[in-house]
Amino acid sequence: MKRAKGRKNNQLRATKIQTGVNRYAEGSALISMGNTKVLCMASVDEFVPRWMKDTGKGWVTAEYGMLPRSTHDRMDREAKKGRQSGRTQEISRLIGRALRASIDMEKLGERQIVVDCDVLQADGGTRCASITGGYVALHLAIQKLLKKKVITKNPMEVAVCAVSCGMFGKDALLDLNYDEDSTADVDMNFVITSDNKFVEVQGTAEHRAFSFSDLEKMKDLAVKGSKELFNLQKKALK
Amino acid sequence: MKRAKGRKNNQLRATKIQTGVNRYAEGSALISMGNTKVLCMASVDEFVPRWMKDTGKGWVTAEYGMLPRSTHDRMDREAKKGRQSGRTQEISRLIGRALRASIDMEKLGERQIVVDCDVLQADGGTRCASITGGYVALHLAIQKLLKKKVITKNPMEVAVCAVSCGMFGKDALLDLNYDEDSTADVDMNFVITSDNKFVEVQGTAEHRAFSFSDLEKMKDLAVKGSKELFNLQKKALK
Amino acid sequence: MKRAKGRKNNQLRATKIQTGVNRYAEGSALISMGNTKVLCMASVDEFVPRWMKDTGKGWVTAEYGMLPRSTHDRMDREAKKGRQSGRTQEISRLIGRALRASIDMEKLGERQIVVDCDVLQADGGTRCASITGGYVALHLAIQKLLKKKVITKNPMEVAVCAVSCGMFGKDALLDLNYDEDSTADVDMNFVITSDNKFVEVQGTAEHRAFSFSDLEKMKDLAVKGSKELFNLQKKALK
Amino acid sequence: MKRAKGRKNNQLRATKIQTGVNRYAEGSALISMGNTKVLCMASVDEFVPRWMKDTGKGWVTAEYGMLPRSTHDRMDREAKKGRQSGRTQEISRLIGRALRASIDMEKLGERQIVVDCDVLQADGGTRCASITGGYVALHLAIQKLLKKKVITKNPMEVAVCAVSCGMFGKDALLDLNYDEDSTADVDMNFVITSDNKFVEVQGTAEHRAFSFSDLEKMKDLAVKGSKELFNLQKKALK
Amino acid sequence: MKRAKGRKNNQLRATKIQTGVNRYAEGSALISMGNTKVLCMASVDEFVPRWMKDTGKGWVTAEYGMLPRSTHDRMDREAKKGRQSGRTQEISRLIGRALRASIDMEKLGERQIVVDCDVLQADGGTRCASITGGYVALHLAIQKLLKKKVITKNPMEVAVCAVSCGMFGKDALLDLNYDEDSTADVDMNFVITSDNKFVEVQGTAEHRAFSFSDLEKMKDLAVKGSKELFNLQKKALK
Amino acid sequence: MKRAKGRKNNQLRATKIQTGVNRYAEGSALISMGNTKVLCMASVDEFVPRWMKDTGKGWVTAEYGMLPRSTHDRMDREAKKGRQSGRTQEISRLIGRALRASIDMEKLGERQIVVDCDVLQADGGTRCASITGGYVALHLAIQKLLKKKVITKNPMEVAVCAVSCGMFGKDALLDLNYDEDSTADVDMNFVITSDNKFVEVQGTAEHRAFSFSDLEKMKDLAVKGSKELFNLQKKALK
């Protein structure tokens, strides 16, 4: 497997995180990983979903979407089709679970933060980029709440990021682009915390079932990549 | 009526049109008019809607959408609600009609161009910005078809742009931002061609019915603004 | 352009407005303009939409529909398709805006009037007939509220009606029927008040962009037609 | 049970059937039974549903709807709610089955007739009026096909009509209006052919279960009423 | 007409009712009539629909569904298609009406019982089996409420069951299976109470209109069959 | 953590797989794992989805559903709500991917097998039970195709099953029931092949992020459990 632009197997794509990209959202970030670009905006609501009322706890949720021509061939607009695909809902739920792992909901108090992740351009790894960039938007929204003294204790406990890996024969590769993603034998996504633990591990056999040692190889790459991503998040948040 | 940043009544907001903002779309443009930002992407399909089959003619259509946090307060995502609002459909139809006015459908041949206009940030005038920017995306897609010799005669006949005007008491203002738009007595949108004719004229009494002389005042401003917008389109297309 | 039945360019079709056509609605009118027939029923609700609660103001809204065989070829029933078309919603919104222009919402008080305009037979100009007939239904509902002393001050400020015009080459025509409407170069709808002002002006280039002098010609015809329509409304309301 | 306007227990409401009420439909009828008014329009399609293709047989189907203010209190518009109620679908299916009983589908040939029954004003018995009036519209559409020699053999085999009955204590009543319908102990609808047989019999215990002798009493009334309805149909079709 | 397995015209299929088939539902029953199998589960809610609030009365409603492969050929899943068919809603409404006839709603008090009838395998007569089995599930739920002293007076007034009949030429047959159902000339469903009265009578001419003496023949069979079904219900409830 | 009924941490619940539970489906199985019961039915279609046409390959897909009262508290029926939840779609997609891993699609040929997994009673682990039981239904359908010589080469390559694990503090537990599932710190699902590889690995931090050694502990339990499940599948298929 030769990677585009001479990228090494354990190398992330060129990644940038730009903050303050929307003047209304309490927190916003535009993340690009190679040709994948996701706009992440965190919105604070001073209420929680009905089923959480009067628990004293907050909530973080996420919504994922793709612009119709974010992809190589234009896709139909989900709003026009009248429903979100199973894939869209699955990814929205994943991002939400990932981001919730970074927050102490009691310190957040009874308010909700919705993180919208809209893909402007897709070249593989959009769910991972959404989590990595969504964390930055969420962090900025929390900082704003602290600054305005809406909350007094910092509910951010840990940073989270996500990265994909894949197996090609015996080789494990980090951060797959679309071409790699669609030909990999195995495809795994790791959501990792800055204290080096896992929030989500999702591995799928695309062309062959995989062994546990495959899984370990990919895990090692993912941990390596996550360290670089945490550094990029920190830099963006300065 | 005092305008923000000392803008004059007959002055457009700072407007920029950036092209080539998406690597997949046949034509793309990011237009910003003040704080309003719209991403316009033109996609070419080598087929036409069923009701146009075997007519030898092409078709241009448009779809409009707003990101949930493009607005001051977050809106629900239309894909999640399961339907596009009446407003969304109305604007999509308007953009489509406007862009079709610039094209000779026989020269386009039996193919369709879909122009997606997605609002990244909204501060009034999003439908007008979508038309002005959408024209640029459409133009680029046509140029690509000509370059690749998919079509041999240029179907672009005329440029189109759009601009809003409003009445505040006796004063007519050009290019309303959101605050102006929501307090104007009368609100008009003009879709204008580069040979100085009208494709659409839509005036709505928001707080009082208007006289024909009001309409004339707004028309004069719109024509003045359109000339500047045609220059910006030309510059972007160079 | 030769018009059917020797009609002159500046002549309305034979128009009738019949009131009291439904025993339940607070106000009702059946309007026929040539072969176009629209049943208009105004219903009073003693509440307002949620976003208007506790404002002390009332609301007027409209819903438009077409019977499946109101048209030359049968259309699918929107209730069965599970959604209203963009056109239906656009026209509903237009009728609502037009009728609201006739009412002082503070005098109406916190109640809502819904005006249903259902097309029994369509031969062009259904949105205009809906506004002209809908005004009569609305007026009757208001009169009933005054008579029953539910409200004490008359909130009706001005009458509204609507009429379409079109350009055929250099000729402007008043009140287009379906055949004319589908071949006109330009198509305009004017919503006019009885004190000779405009509530809505909507012009669309169907086959060619139009000049401002085209617009003026059509405006003159529309004003002429509106005077006749106001007389017919008055007669019907006696 | 005292009936409105001194009506006898075995007496139909004043019933009128007016034909030719729509200029496009192949057959049309406006039926009024007391204050219930239903507009029935038959539309001929030169195709059949997919599952009937190449059977050589035709098809008759029906769609039922109510205008929002056909009822005492305004109902939400089904097209706006995005779905037809169970009741609407149930009645549509009933009307379709009833009308199909009058036709020899082989003689009709591979074409479909859709009968739209739209309630303009509802005062009980709308499904029965739809069947009785729908038969007239269907008959007229068939006559048109025969006249234009699209079909050569008359597929109409028998007339159908429908009427409701109810039990109040020991008394059976014919043709219930809305007030009666909502207080009856038992409610039955009979679809009857002109050769005195039954196409549908639907009895429902509203407030008490009923005996077979109750059913017989109601059946006798229904047969009596059907004879008068067949005469009215004949008169309308002359 | 020769029946499968030498069954006589007036003979029910082998019928079994098994109770306690679900550990969560307040009442549950699995009924099999020949190859038709329906799982019935009664759920108690301590509230009533909004329109019944503060009436002091309870409510019983039913929902019917078929598993996709309950039928000979797999059907699409209604949840996936995004809507229940007219048939599904019609049957749900019928089951609800039938079961409500067995209950004194004042004694039930302001609570609701929902009876879900899900067809595991369908071989004709699923709506009748749903009513007969649904009654058992409802009865068990009521007994549980009495045992837990949530209610003190028994609201069950009478048992209900349902059975289908059909005409084949001059012969009336009891309890049609799918093959019989789809070839019968006439098809009737009877919902009967244990004191020998009717809750619903629904007869449909499938291939020919029917006489009143046909109806009487079918009614006699249905009454005969109902006696056997009431015995089976009693046995199951012991 | 004390488990119900003295179950050990590495012990499956009592599990049974019953085959031939539906007379129409090409393959069917009812699996119960403790109180979780899922009915699995495989249906063969002699066509493939449009996007697979003319590839010469077959397809296997799955649909998951829950009966409304399969759960402790009754859930709304998805068919009635008009849409499948994100969770339902996510599980349907997972089951499909899992089952596809067992099949050589070229040997299956251009036909599709749909495996419906309907939960009759839910006590945790329904997605895993669906995969384990769905495999049996699929296997039976394949055997039928081989027996009828519709296909000549056996496309089954490997068995698949699935099992859940969870962490409670430092303890890993096998096959969580609902109470355990909702209190576990970490929750993992493993889809495993009979040659001891992984098709899907999905781990989610519910209350705390987890270490890689946690993941290894759970993996070991899952592999142990899978061996017992493969034996039960074999026994059922004899």
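Brief remarks on what is shown
Read from first to last, the chains carry the letters A, B, C, D, E and F; within each, the first residue is number 1.
Everything below uses one rule, namely that a residue touches a chain if its C-beta (ideal position, glycine included) is under 8 Å from a C-beta of that chain, and two chains touch if they have at least 3 such contacts.
Keep in mind that what you see is a predicted model, and the values were worked out from it rather than measured.
The fewest steps needed to get from subunit B to subunit F, moving only between touching chains, is 2. The minimal number of chain-to-chain contact steps leading from subunit C to subunit E is 2.
Over half of the residue numbers found at the subunit A and subunit B interface occur in both copies, marking it as a same-residue contact. Annotation, subunit B versus subunit D: rotation angle of 120 degrees from the Cα superposition, expressed as a multiple of 5.
Taking each chain's centre as the average of its CA atoms, subunit D and subunit E sit 28 Å apart. Separating the CA-averaged centres of subunit B and subunit E is a span of 59 Å. Here the spacing of subunit A and subunit C, counted between their Cα centres, is 51 Å.
The geometric centre of subunit E is 33 Å away from that of subunit F, both derived from CA atoms. Shown for subunit B are the residues in touch with two or more other chains, namely 82-84.
By the touch criterion stated above, subunit E contacts subunit D in their complex at residues 83-87, 89-90, 92-93, 97, 101, 158, 188, 193, 195, 197-205, 208-212, 215, 219. Those residues of subunit A that touch subunit B in the shared complex are 22-25, 28, 35, 39, 41, 43, 45, 63, 65, 67-74, 77-80, 82-84, 88, 114, 116, 118, 120-121.
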